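Chains here go by letter, A, B, C and D, matching the order in which they are written, and residues are numbered from 1 within each.
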Amino acid sequence: MIRAATAALLACVFTLPAAAETVAITGGRVVTMGQSGEIERGTVVVRDGRIVAVGAHVAVPPDAKIIDATGKTVTPGLVASGTALGLIEVRTVETTDDRGTSARDLSAAFDAGYGLNPDSLLIPVARLGGITRAIATPAYDDKAGRELLFAGQAAAIALDGAPMLMRRGVAMVLEMGDAGAERAGGARAAELVALRAIFAEVRDFKARRAAYDRGETRTYTLSRADLEALVPVVEGRMPLLVSVNRASDIRDVLALARSERLKLILEGASEGWRVASDIAAAGVPVLVTPVENTPASFEALGATLSNARRLGEAGVTVAIQGNGNHREREMRYNAGNAVANGLDWQAGLAAITINPARIFGLSDRIGSLDPGKDGDVVVWDGDPLDTLARPVAVLIRGAEQPMHSRATELRDRYLPTVLSPANGEKP
Amino acid sequence: MGLADKLLRGGRATTLTTTLATALIFTGGGAFAAPDAAPRDAFPSTYQAAAQPPFAIVGATVLTGTGAEIADATVLVRDGSVEAVGAKLPVPEGYVEIDGRGKWVTPGIIDAHSHLGVYPSPATPSHEDGNEAVAPNTAEVWAEHSVWPQDPKFRLARAGGVTSLMILPGSANLFGGRSVTLKNVPAVTTQGMKFPHAPYGLKMACGENPKRVYGSKGRSPATRMGNVAGYRKAWIDAADYARKWDKWEKDGRAGDPPKRDLQLETLAGVLNGEILVQNHCYRADEMAVMIDVAREFGYKIRAFHHANEAFKIAPLLAKEDICVATWANSWGAKMESLDGIEETAPMIDAAGGCAIIHSDDGLLIQRLNQEAGIAMTAANHAGLSISRGEAIKWITANPAKAMGIADRVGTLEPGKMADVVLWSANPFSVYALADRVWIDGVPMWDRSDPRYQAPSDFLLGQPGQEFAR
Amino acid sequence: MTRRLLALAALAFATSASAETIAIVDARLMTMTAAGEVERGTIVIRDGRITAIGPGVAVPVGARVIDGRGGTVTPGFIQADSTLGAVEVSQVPASADRATHSAAISAGFDISLGLNPDSILLPVSRLAGITHAVTTPLYDDRGGRDLQFAGQAAVIDLAQRPDMVTRPRAAMVLEMGEGGAERAGGARGSAIVELKATLADVRHFAAHRVAYDRGEGRPQKLSRVDLEALIPVAEGRMSLIVKVDRASDIREIIALAREEKLRVIFDGAEEGWRVAADIAAAKFPVILDPLADLPHSFSELGATMENAARLHAAGVMVIIKTGSGVAHRARELRYGAGNAVAYGLPHDAAVAAITVNPARVFGVADRVGSLEAGRAADLVLWNGDPLEPLSQPQAIFVEGVEKPLTARPLELRDRYLPR
Amino acid sequence: MRMRAITVIAAIALAGCAAGERPQPSVAPTAEASAPPIDRDPYPSTYRAPAAGQVALVGATVLTATGDEIANGTVLMDGGKIVAVGAGLTVPDGYARIDARGKWVTPGVIDAHSHLGVWSQPDSVEANNDVNEMTDPNTAQVWAEHSIWPQDPGFDTAREGGVTTMMVLPGSGNLFGGRTVTLKNVPSVTMQGMKFPGAPYGLKIACGENPKRVYGGRGRSPATRMGNVAGYRKAWIDAQDYARRWDKWEKGGRVGDAPKRDLQLETLAGVLKGEILVQNHCYRADEMANMIDIAHEFGFRIRTFHHANEAYKIAPLLVKEDICVATWTNWWGYKMEVFDALEENAALVDAAGGCAIIHSDDPVLIQHLNQEAAAALSSAWRAGIRITKADAIRWFTANPAKALGIADKVGTLEAGKNADVVLWSADPFSIYARAEKVWIDGGIVFDRGDPAYRRHSDFLLGQPGETR
């Protein structure tokens, strides 16, 4: 045991992410989430960062580094939606928190794709939970009594070091329900009215940009930057990611999106199951945290562990989220709990791979093990959704990632003192 | 019937001694005989388990909480107590037989750190009663007076197998107040949930929280050295108070008794060994300082809570016989938790210490088994060798020890209270669900029977309650 | 337990109109139409619609018969000036959507958006015979707000269904008198001058929308949303609910309304009886709380329980409400009406004051407020005089849907009821 | 008729001013005392009963509040007392006979929870708000009677609703709000002229949200419910200590200096001695259970839980402890701690054998306590609970009298009791019933047929609407 610990120590000091090379992962149960379905014993070949072959009878290229996955499970890298990865180090240390702005004239234009920190020590921790990509999502900073409605734009990131930005502006983030109402003056109706007014403003602005610049349009409540940022939203090109929980709020948001012709993503949706058919009919995907089952507020009285299952059964595309900030690695357990409460296992895995990839328009690159896609692959020593399993190899864009984090380094530093108390209190 | 009496008798071995000691020090007799002195039990438990026919769980894999894993085992429960546990025991006549084949049985889950009832759902200011954040020392407040028994989370925790839990005041203050240990049974009053004769705890908090709360108000403590000065001043006062009462007692109670002081009464209870110190403390260096403070004033720390850095001083903690209640997953929310690792509990265990996985959270309390599973798996990946039989103690026997109730719960040994969970699968798996839960042999949760799934009064008639969960 | 769960399920899902035929027989029928009161009659309901009503109506074969002997059928009651659907716990701000303190939204505040059909207050009120409410915005002055209007009220139903809004934007709410003065700088004069200025702004805006959108209009103090919302008020198409109590304030508003050609609904009007003839001449209806007999402020020193009776006698259309912005205690509506009777209002006028009168004033009389063949059934069968506390509803229909006689407090009761 | 009435009123009003003699202090000085005794009654009642003749109410349905409903009943009053109640009694000579056929008679309505006079109309005027001394969690030293404005027009409207007696409490912002006072609802210029002679004081205690919000919001204790409990317990420890010091001085023959008086502790010590009744604002069942344990710990009794919307959850406990429950029917939901309120609360307490009270806490509701009780009764019937009108009448007569410690004097129509009587136009459980005549101690204080009895308050003289 001590030998293992020492080896790990050495490994963590000297291992840097391996450069993209040719890797063949052989002999494992491959759950592709893509066109090849599930392969009982298969091989995945990754070259130059891309998946080049997946199948039961794929030849291993002679130059390939072989990862023996016999008896193990191979999945696409997990995609975490709604995270603070890259934006935060210690929540209560404000200088390390870049999730939101308190600027009074910056709302929709705030872009989480700026200022990302690829050296964040949260990233290896998340990676050890099998997460290879994430949606870095802005949060509100209400310290200054801010009344602006939008938190800003989310960005897709990769967890394999710099540069980590994958795609900018994958969604516009808006909180509704209790918190949104609070920000809009304390009532839900106020926010709904304000939003309609804002969308009208944006459309007006879009049609009269030149006049605006001549100072000849009517006065807008939003700044030019915010107006510009919202143009793709009103055009239905950028999804509006709305945090909302109460069933009636969800219906209101769906109605708003319908009348304003918006592309919508729902987040939270604790009572989503109660209006699942409405959501399904609207073709709107939902990001849920399936373990959140307490009636934590009056908008979540109907919260239940069966939310994900019920949404899935109604035909809603569901993505499952982690537990926020430092706890994204629990995303797969959340999916496991959804499965334990009735969600189909494949659907559970889809909810943390291909579904979030699709929802954020990234499925051309990630989310499944299909030839041509990025080489994001995780090898597990058991069921990836179970607490009893761990990743034994993680590839991002074809590169094997180090299997340690600051936490495991700490662990390994102190393991000897634990195992040999006679050594004293400190190593 | 006499089940309640039996429960009281069961608890007598340690608690009666403790109670008598209190009586000697503070009252020298019945509480109401000398109304000026502290009563022994001002808010007595009214919890009584209902009588049940004896039953047997047959064929399950049993984790006893004593380290053993027994395949194809039989668990016999009679009169609210565990009667026998063993492989393929015969089932006596008259026992209701429960088929446990393919399933697992563990002692009831015990959460050593919860705020259920004092921070209920939904979170409204009117319900939030967990932190009397008005002074750095509020040892005079008792968490039980803030518990709202209708917090819907009690029922959710029950569905997660939690049968006992310690409710603590929050961590804003150096001395937050007394904790209370509850049986996780539905009740209208807090007294109806109180674990009979469980000792009180004193919540203490190190580090960032007190210094932030009071420092930001321009009051002491504003630094960690201010924290320590605050603890020490309080213990000096408490020692003085305890001495005055001792003297009055030794002088044959002549003259007026010293005037009672609720704050010092609690601290003196710690000095006298009746109240257990439950200390929120993250950093290894601060824990070492707290141990020195305890030595200076002659009390014991029963458990460090959260204790993300406990693994750095595991041998010290083992030597001092201080339990470590912590998580696998929580880390990094603030500076003092930055060094949190998944393997803290197993490393404490490996060093011979008392490791506990706790929740501090309304979601995690429903899945303490999974959190323990994560820690166990991470540890085994790191080269430690932790068995399931050992790891189950982190959420059963060890928290029972930290809470001073290990003589009655935490393991499946004959004579213990029959707090039992029947799991659908290996309890460390994410797929394991608590199929049935008994508290003192009384069925309290059954995943297939709505009679045991009734929600809190609060949720009656609320939207979205069409099915039980 | 199982029974309770079933009841819960029933509560949640009993929203589709039943396809059965129901006959309520041998009941006293208060139709609130020209047909008046039928001492003993029958109502036939098929597929949620009233197909026949009156004495001597035959019971169709196969109909479920509800014995109405000794009972009375009324239209569903309408609680005017409530916050039903917009509040759960008054002192929990997150559950209260009655008002905004947004600096940019005043008249534009539209309470019909964001209402909660799952509110547990709805079945509680329904058990008191209330099937509709005029959900009315309140002021939120936390931010030192000085906007004039509380926003727009909506008529809702209490069926607990997603489309709960019977009529959105049914009226604009404005407080004058003491409160209005406070919000406009502390003097009644300033409030009225400001109101006139606002109406002038709105009319200008209505005539120059295009220029406004070109940024060429005159500077506007109100937001565009507010201006748009006020156009129907300025044009006399939308009623303006004016909260006012003092007799002199009522007179001022009548004069202002004449000049500006506004449609006014008085709300409160505790001294209304003192200027009853003026109100009757102006043909403005009055919403009042019959129990308000205390001199709460210097604007209501003349408050009396006989206000309703005296206004009615003077020919004013009276609408009875319970308190102001009431939600949890909306169920006391029928007791308020009963007290008005005890203090001189004719019984049929009191029932009209909580049925057909508010229906007419808020523009929903074609759907609710009276009992006529061809309409969706919106009615309550009582086991006695509906205004008596000792009477209870025996059957409740909201816009064609029969609702169960349950609510959360009854479930709680059953949990603790000694068995 | 009108002239006579005015004379009566004048007599009543003057009663307050004409108090020449002060009753003796209840603690008589002892010879060897080295210090002056404490005057236990420093603001004594100067109430004098209105002129009372011999009156017979004949032919009414009488609810005696002892459990009987008497058809065709006769109630005889003489010298301010009830002389006899029964079916078809013979009216003795000399009695003024009032035809009450078709009408109903009950004891005078008693409100166990009112703020009339301490939060007077117009209540939008801040100067009229003297209800809450919210400067410290413990203000046991203040007495509600010192905030009373006898000209509150609310007294008049309450009388028109049949209210003859009420307890006025300080507000609920503090853990200990101060002493309550029990008033006869008679017009008076002074507070002393309304004080119910011999009624014990109450101590207002408040649980739950209010104190923790008020003081927690100021960064002071209590900020939580556990802070509330620590606050109560600390105060009772101080009170025990204080009481012991005084006892010791008394037992020691009053030698040496008396302990220094402390107004706050004097009130609390009065509770420990059983002289002052605890009137406890407390909504939640679990909090009531905590308060009961505190009472056990320090050896006092709680007389009444007020508001107590969750009393039905622990009805047997409250019965066992003999604690009254004063509550509403219709109020609920305005804050979290009233979320679980039921219309049936009073009825469920009653059905468990307890002392149920319908109270007002409100200047409008106090005028309609009979209707609030009717709604409660109706809900009970809906729930299948068998309670008669004869039982339910106790909720606003006999039971509040018990809670206020004056059940030996008022609350029922029994021979020997004070003649506080209401003649109703109809069944008092009907919405249409109105109090037609009201007597206090046998003297008429309200007559709906006589305008002279309406709106006595000086404040409304010459005001708009005065002549209604």
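Going forward, contacts are C-beta pairs under 8 Å (C-beta built on N, C-alpha and C of every residue); 3 or more make two chains touch, one makes a residue touch a chain.
Please read all numbers here as calculations on a predicted model, not as lab measurements.
Asks: Measuring centre to centre, with centres taken as mean CA positions, what chain is farthest from chain D?
Replies: Result for the farthest chain: A.
Asks: Taking each chain's centre as the mean of its CA atoms, how far is chain A from chain B in angstrom?
Replies: The separation of the two C-alpha centroids amounts to 35 Å.
Asks: Centre to centre, by mean C-alpha position, how many angstrom separate chain A and chain C?
Replies: The mean C-alpha positions of chain A and chain C differ by 46 Å.
Asks: With chain centres taken as the means of their Cα atoms, state the distance from chain B to chain D in Å.
Replies: Going by mean C-alpha positions, chain B sits 45 Å from chain D.
Asks: Compute the distance, rounded to whole Å, between the mean C-alpha positions of chain A and chain D.
Replies: 63
Asks: Counting only residues that touch at least two other chains, what does the list for chain C look like?
Replies: 88-89, 91-92, 94, 118, 409, 412
Asks: Taking each residue of chain D in turn, which ones touch at least two of the other chains?
Replies: Residues 209, 313, 335-336, 339-340 of chain D touch two or more partner chains.
Asks: Counting only residues that touch at least 2 other chains, which ones in chain A make the list?
Replies: Each of 247, 297-298 in chain A touches at least two other chains.
Asks: Output every touching chain pair, sorted by label.
Replies: So, checking each combination of chains, I get A-B, A-C, B-C, B-D, C-D as the touching pairs.
Asks: Spell out the residues on chain B that touch chain A in their complex, using ranges where they run on.
Replies: 121-123, 152-153, 156, 208, 311-316, 318-319, 329-335, 338-343, 347-348, 350-352, 362-363, 366-367, 370, 373-374, 377-378, 381-385, 426, 428-433, 458-459, 462-465, 467, 469
Asks: Under the stated contact criterion, what part of chain D meets chain B in this complex?
Replies: Against chain B, the touching part of chain D is residues 209, 212-213, 215-216, 219-230, 233-234, 237, 240-241, 244, 248, 284-286, 289-290, 293-294, 296-299, 310, 313-314, 317, 335-337, 339-340.
Asks: Considering the complex alone, what residue numbers of chain C touch chain D?
Replies: 88-92, 121, 178, 247, 271, 274, 291-298, 300-304, 306, 327-329, 331-332, 335, 338-339, 341-343, 387-392, 409-410, 412-413, 416-418
Asks: Could you pull out which chain B residues touch chain D in their complex?
Replies: The touching residues are 31-32, 35-36, 39, 42-44, 118, 124-135, 138, 140-150, 169, 177, 188-192, 217, 256, 259-262, 457-458.
Asks: Can you check the complex and tell me which residues of chain D touch chain C?
Replies: On the chain D side, the touching residues are 121-125, 153-154, 157, 209, 312-313, 315, 330-336, 339-344, 348, 351-352, 363-364, 367-368, 371, 374-375, 377-378, 381-385, 429-434, 459-460, 463-465, 468.
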